[in-house]
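You will see chain A twice below: alongside chain B first, and alongside chain C after that.
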Partner chain A sequence: MSDAAMEISVNPDRFTRGSKLVDALSKAGLAFAILAVVLYGSVVSPAFFTSGNLLNVLTSMSIVGIVVVGMTFVLVVGGLADLSVPATIACGAILSLGLQPMIGPLPAFVLAVGLAGLIGLLNGVLVGYVGINPIIATLGIGTIGLGIVQAAVGGVIVYGSNPASAEFAKGRLFGIPVVVLIFLVIALIGHFVLSRSFWGRWTLATGGNYSAAEASAVPVQAVKAGAFVITALTAGISGGLLGLTLQSARPLIGAGYEFSAITAVVVGGVSIIGGFGSVPRAIAGLIFVQLLTNVMVLDGVRTPIQGFVLGILIVGAVGMDAALRKRGVA
Partner chain B sequence: MTAVADCALDMRGISKIFPGVKALSNVNFAVKFGTVHAVVGENGAGKSTLMKVLNGSYAPTSGTIKVGGTDVRMRRPADAQALGIRMVHQEINLVPDLTVAENVYLGRMPGKWTFLRKGEMVRKAAAVLDELGAGINPRERLGNLSISQQQLVEIAKAYAAQPRIIVLDEPTSSLSEHETAALFRILRKMRDDGIAIIYISHRLKEVLEIADEVTVLRDGSMIETRPIEGITAAQMIRLMVGREVSNVFPKSPAEIGKSVLRVERISDGTRFHNVSFDVRAGEILGLTGLVGAGRTEVARAIFGLSRLVEGTVSVNGRQVSIKSPSEAVKAGIAYVPEDRKGDGIVPGMSIRENISLPILRRLSRFGRIRRGADRVLAADYVKQFSISPPDGERRISLLSGGNQQKAVIAKWLAARPSALILDEPTRGVDVGAKAEIHNIIGQLVAGGMAVVMISSELPEILGVCDRVVVMRDGRASEPLTRGELSEERIMALATGEEAA
Partner chain C sequence: MRFLSLASQHRVVIILGLTLIISALVVPGYFSASTLGLGLDRAATIGLIAIGLTVLLIAGQIDLSGGAVFALAGIISVILQREIGILPAAIVGILVGTVAGAINGALVVGLKVNSLVLTLATMLIFRSLAHWITNSQPVSGTDIMLSLALAKTYLDIFTIRSALFIVLIVLLHVWLTRTIPGRNVFAVGSNPAAAKESGIASDRIVFFGFVFAGTLAGLAGVLQSLVTNTGSPVFGSELTVAVIAAVVVGGTRLEGGRGSALGTLGGVLTIGSLTIAMEFQSVPAYVQQVVSGLILILLVVLDRAVTTKGRASGTRPALISDNPITQGGTT
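Here is the complex of A and B:
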């Protein structure tokens, strides 16, 4: 660490220094923003800084957070976005409840996640190998998947039939909700894969320069497809947990989760064009957005205004990414 | 008409300096109205740069330009167009989904679209096409036309703007002989209308046929302007290459062993056909030819970036079937691409991350990149190739072109290939880095590697290579050995003109 610092002081380079500064700012900026929201929330609403409220935020955040981990891979690999998340969440939720009477709760959960992964594989093949635009491919596959799930359960609400599994999903371990723990484990795994494994490096390289990665013997098609499989698996897990917690699942249970996840990732500063980003960044974005929403709700901000604020955040974050890219290239 | 007015274009003392490269050096270039003026020169002689100065894409570093006798200053292509200068590029620059008429008047719609009468536009386009004898229906969708017809639409588009000067860049590269004859009729008609035509071509036979005057460029300088009468193709070639071949690229002696990479009668079905060569351990095989002759396509196909439809590739005597770069790497072939920014580097990543990219799997255990493994690898190559700055954590996009190129070569050496294909490895790097890269290549072959070097630069090819294969129109010549090598011989093979 001190060696690196020496290098920089010995080797003053305007550009490197500039990009390091920008990097530090963008990281610290989000931390400051989170801090500011916490302070503001504590001032305007006595209900905000209570363990009950924060635990609530944390739990609801965890369900989206699991999807955020997967969505980070899609953005980093240059896959724009996965719009089939509502379908994979519904698949996870409905099957993990609906299959309980037949095969038991754990096998039902695993099978539900596996089938969600299959939807991701279809997305991945279409995007990575066939070369269809990810927005179109995931929208199409998501719509088809949702239709199949809906048809399978006859368009009705599915209820849970295994109280023990509900108990587990809603329970706590060492005082922390199980859902939060699962989210943390998945986030850690996601972070490890993206930052320390060869697959993660391939993902970053493919998003950073597809042709160069291809010419460097990176299996770019598989890497691109893999990002969609990862997202589908996380969304399947997220959906399964959602179903177990609610003990009921309707086909539209996952609606809106895709945009919440994309918002968090983008606000976290992960590049929408690919090649740059990390799981902790995306989660910082998630924390910020979730806390801000919570504060706005507690403060009685009207729903349209909330949407307005979130919209500004997204546009601002993407605009900043574009501006930084331009500087990075120049 | 006075003598001054005769002069459509008079460029004087034009220099263009890019960071580290002098692309044009004090070039004088004058063209008269009502003539066809050919510009010839090797790849990189400065033809394109000169034309980009002429059409306002580049501002010259120094020099003056007169159009029709008046001093002008052009800051953007629109300025050049306003002065009546039109360019017809080698690539088609048209909108396939619009009609021919819409394309001809694209961007020059008088008044507003909403009030434009389509019939009038079609009539005018038909008149222009008729005048050129093109035989194309102006209502046809452009995408339905053949490439050569589209080329004619490009020319019609330029002609319809009633230009004073038309620049044609390799207009016949996609035309058959018959179509070329038709094009020449059109050019003669435009010339007789008093238009000044600048004709850039590698095909010297065509230059002799159509041009009134010819200007030869070499290494960014104007060598000579001559009337076409009394000059032969052989003389033009000599003027194009006529520099002293100095020994600036000494190849270090290496023992030549047995054949490492052998390709036999490979074709991709479109851009190259029936190409065969082999390269032996310790040998540098040059692959040269004009831009577009199919060299890069051959390299990319061998490396699995595109598909072969015919022929075989073998490495160390064993036939291999390569469908992807990772299979090529497994077979022992590495490829340093021509387009460094596009295919060579991942700009947002560090030197370390770029160098370790092809062998990440080998550096990993249980999927995790071993701590420090890539750091050690990068540090080794940074030191060995004296990459500057010597900091593996530096973002690669912040390095100079030469240092980027060294990092890209290092990336491939880490994979320990037995054959290395280098595509224009010294393009756009400064002289010092060039020598270093040649040195590295020399060390590699001394270590027993087989190297294929694609280059358009003849002195480089002559200085570095043991044998040379020349490509023309997707076909490869027999390899020339060192004794048979000369710039004239290579240019003759590359252009299809036999030198005297």
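Here is the complex of A and C:
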């Protein structure tokens, strides 16, 4: 179980090999899969193709989607996955509600997101600078962070006290839910940063070939750390919005979101070992997974089976990634 | 640096000693046999899973699905009691763990994917199965008296569970240090390519490592369910961090190729005595989680600091200095 970066250094040509084939397959495959789910859903359930249902899917998708944007950076940079997402979401939700009476809704929200970012910074330093395995580091930091957040509020459920902010979060602008708009803005920014900015090029370079990027004077450690900060910030925003929408936050509010986000990103064809991927791909994966989940719910499939399907999807997507690229990640 | 690396080699003894001293200071009567027995019994659950994880980590792999397998095996062993009787149900429960481990192993070896990511996915799958089977409700067994019998202490200290743990860890120590397959596990973990060149069937060792880890997680789950007479889909969700922490405290490296059974014993005892001490002081569960998370992160950082220094100065320890016998001797 060596560091992902070490693996990459022995495969210098991995960035280009087979990527056209993968490209075509995953793009066409995913579009086909989304279409199939939509068709199946419309046939099986009359409730599926109604504006109410689709709006619901869109809203719940947006909350996860904000995290997906950040998680894409973690996977592309070769950071495997960020398991501290439940902690950062809880941090965002609990603090943005809990601090409302003291400092007002907007400062509370900003502070909550900032503290979530701090958790991400800890992850980033451990992974990027110290060189700890990302999954172990984020698992440990997530456990600690969640514990501290719980301790801060005494392990109880926190309720909102500012109806105006709740109205805003649940409201609509030009007929589109505010949450969805925020998701779209974040996705656009994420896409722009990853595909058009120097930071994005650095992220792709670091994930693609760590040693080569380092030799080309890319600040690899900072780029790797940055991906975890970005994920924590997005998870903090997502948690804050979730808290405002629900007007209540329990410590385990973010449980499971890490898996939803990881599933979406890998199903979207973003490589688990880094160096390849984009925000639109991850969002396509998200749309597929969310529609599939929605169809299962409408079909009356019980919740545990949905987790089961998510797990299978991750195994399938990761296995396909390894097979298509013909390179093993030991 | 020499001091730091020496301290990190003997850290199990140091950490365990410190834990026991602090616990004794804050918990009155900590060293009474019944408290220690309770701590050992509690540690045995973590310990059984840690035994399997030790082998896997030495072989350079990891299994995050242990906690979920723990729950699933326990549930199966309780549900089947009515149909096929207690003992056969328990055996089927353990076999469920074996099968889960075989699935993990086959997927890791077959798909050649990172075991962290893969067992993360199978953890989700096994956990969902546990919820699926039980409808997310706890299930209870048929014979309440059995759990009393299993919780009985012998010689004032040992329960069946903790005795089993001690026996298994001693067997593991012998296996890792005195047998050829045991040595091969170290070879595979420290340099898979070299191990393959020397004719060691790396894939087979990795596969059976997962089978072994799954079986032990299953065994731990079945014992837990028999002792509590309950199977629950949420059992074991907090175990993952504790088990990894215990193994890492014991000096087994996440990078593979290094570790010892006696070190794991020390690590498990440390986590166990910490848990008991905190429970006696009624420290809330979330604070306990913070503590085990902190221990894990601090030690992994320490490991990293020591290894990086060793590598930078060109003194990357050869396989022989990773010799489990010398490691075992120091712990």
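As a convention for this text, the second predicted complex is superposed on the first by the 297 of 330 C-alpha atoms of A that agree within 3 Å, B and C clash if a C-alpha of one lies under 4 Å from a C-alpha of the other, contacts with A are read in each partner's own complex, and residues count from 1 in each chain.
Quick note on the criterion: contacts are C-beta pairs under 8 Å (C-beta built on N, C-alpha and C of every residue); 3 or more make two chains touch, one makes a residue touch a chain.
Just so it is clear, the structure is predicted and the values come from calculations on it, not from any experiment.
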| item | value |
| --- | --- |
| Touched partner set for A:291, first chain B, second chain C, both or neither | neither |
| First (chain B), second (chain C), both or neither touched by A:130 | second |
| Most chain A residues touched (candidates chain B, chain C) | C |
| First (chain B), second (chain C), both or neither touched by A:111 | neither |
| Contacts of A:30 with chain B and chain C, given as first, second, both or neither | neither |
| Touched partner set for A:303, first chain B, second chain C, both or neither | second |
| Contacts of A:314 with chain B and chain C, given as first, second, both or neither | second |
| Common ground on chain A, meaning residues reached by chain C in one complex and by chain B in the other | 4, 328-329 |
| Chain C - residues contacting chain A, complex | 57, 60-62, 64, 107, 111-118, 120-125, 127-132, 135-136, 192, 233, 240-241, 244, 254-256, 284, 286-287, 289-290, 292-294, 296-297, 300-301, 304-305, 308 |
| Sites on chain A touched by chain C in the complex | 1-4, 80-81, 83, 126, 130-133, 135-137, 139-144, 146-148, 150-151, 155, 251, 259, 262, 272-273, 302-308, 310-312, 314-315, 318-319, 321-323, 328-330 |
| Residue ranges of chain A in contact with chain B within the complex | 4, 7, 11, 13, 15-16, 19, 192-193, 196-199, 201-202, 204-205, 208-209, 211-219, 275-276, 328-329 |
| Complex contact set, residues of chain B against chain A | 303, 305, 324-326, 328-329, 335, 337, 339, 342-349, 353, 356-358, 360-361, 363-364, 367-369, 389, 391, 393-395, 397-398, 411, 415 |
